Amino acid sequence: MTGPIGRKRWAIAEGYIPGWSHGPEPEMTSHEAVCILNAGDQDAHVEITTYFEDHEPVGPYRVTVPARRTRHVRLNDLVDPEPIPKGIPYASLVQADVPIVVQHTRLDSRQADNALLTTIAFAADQ
Amino acid sequence: MTGPIGRKRWAIAEGYIPGWSHGPEPEMTSHEAVCILNAGDQDAHVEITTYFEDHEPVGPYRVTVPARRTRHVRLNDLVDPEPIPKGIPYASLVQADVPIVVQHTRLDSRQADNALLTTIAFAADQ
Amino acid sequence: MTGPIGRKRWAIAEGYIPGWSHGPEPEMTSHEAVCILNAGDQDAHVEITTYFEDHEPVGPYRVTVPARRTRHVRLNDLVDPEPIPKGIPYASLVQADVPIVVQHTRLDSRQADNALLTTIAFAADQ
Amino acid sequence: MTGPIGRKRWAIAEGYIPGWSHGPEPEMTSHEAVCILNAGDQDAHVEITTYFEDHEPVGPYRVTVPARRTRHVRLNDLVDPEPIPKGIPYASLVQADVPIVVQHTRLDSRQADNALLTTIAFAADQ
């Protein structure tokens, strides 16, 4: 029970950054997050690639999650190599050099009261 | 870490297209989506079969997800062989000829503010 | 790709039937559902056992899901051996004699606008 | 079909206790829960460790789930070794000495109507 927990490759088939928001920023801003847990003792170098319906994938977006840390990456905030457009469907592949755990969450505040969704991402057998 | 990610057979036991909506179309229209990621280098030929409580399955609905693309299929929009009735329980089986990743999402806007749910579908072992 | 999809034992650690509702019945009644897909060619004889915080398990509740059918069991509606109390935490074990797929969903309409949650249940390795 | 169901190590990459609430207590208080099912015949001694973005992990928080019982642990209520701060991202590792099933749920009532999310946690292969 002492090895690192997780996998090195994860997929999120759902992706959609709502086009508008309702309520105080930044808590209630509509957003999508890739929540990453690195419970191991080595830093995780993570690459996120985004897939779309009508053009080639974009990325990788590079994120480091230090050893024994979590990082909740707001996909809205990624800018390099380019921002993810709002209001269109996309999907994500998350790859790391050490085992991590990935969970996908959206807060949608387009209407007066917010809605939430989450799921553990799909872990590749690797 | 270069092989395609996913499985060829997926199941979604929950299905329910809300009977009405509230808010601007098409963003806030109540809907269910099967979100498919094909991160591989071959096109995925996908077949969706729907299961009901009181009659034989319907389908397959055929969808192609090109290589390195995602497709968010709104189940409300499927018409061939026949539309999925609103307001009744159903379930779905999703099969492809190459590995894909499948996620199920619903936006329910029957009341003034929308609700959301999602989950990665169940992946068959093979 | 022709074998039945699923597992014979599933667990749902979350369970809570909201104590009140808001909106038209039966669509907007607060409820929890165990959504079962039996995509195989044999009827599934399903047993649901409920677990609580302060007393022994209750059940089994028996449900049959015919071959090639789904059934969305509203846990609120179960009465034999006894109704599940509202407003307290519980959990469920779902067992069948053939492979099935199990998904857990709640509609919570205690406040003016409904909230939703869902997840594919945990599948035992069996 | 008689062995205990579950795994001994689980991870939840998403964690966030909303900073405020709306509606009657305690039902509508914003909270996060780790829902644990111990369907086996031995008590489960559970340790929850929390991970953060900017400092070392905290814990373990110790919880006992007796044999054939469930326990829905409100993370807001944990105080030993220290309360989990509200309004910041965290993640959790859940370990036990016998197989358990772990599900993560949040009720967010920061706005007038509550939102919900849930997912089965990630189960280590162990």
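Note that the chains take the letters A, B, C and D in the order they are written out, and that residue 1 is the start of every chain.
Everything that follows uses one rule, which is that a contact is a pair of C-beta atoms (placed from the backbone, for glycine too) under 8 Å apart; a residue touches a chain by one contact, two chains touch by 3 or more.
Keep in mind the model is a prediction, meaning the values are calculated, not measured.
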| item | value |
| --- | --- |
| Angle, in degrees to the nearest 5, of the Cα rotation that carries subunit C onto subunit D | 90 |
| Same-residue or different-residue interface between subunit A and subunit B, half as cut-off | different |
| Farthest-lying chain, centroid of Cα atoms versus that of subunit D | B |
| Distance between the centres, which are taken as Cα means, of subunit B and subunit A, whole angstrom | 21 |
| Rounded Å distance, subunit B centre to subunit D centre (Cα mean) | 29 |
| Junction residues of subunit D - those touching two or more other chains | 112-113, 115-120 |
| Subunit D residues touching subunit A - in the complex, by the definition given at the top | 8-9, 11-16, 19, 49, 51-54, 56-57, 87, 89-91, 93, 95, 104, 106, 108, 110-113, 115-122, 124, 126 |
| Contact footprint of subunit C on subunit D as seen in their complex | 1, 5-6, 23, 27-28, 33, 35-39, 68-72, 101-103, 105, 107, 109, 112-120, 123 |
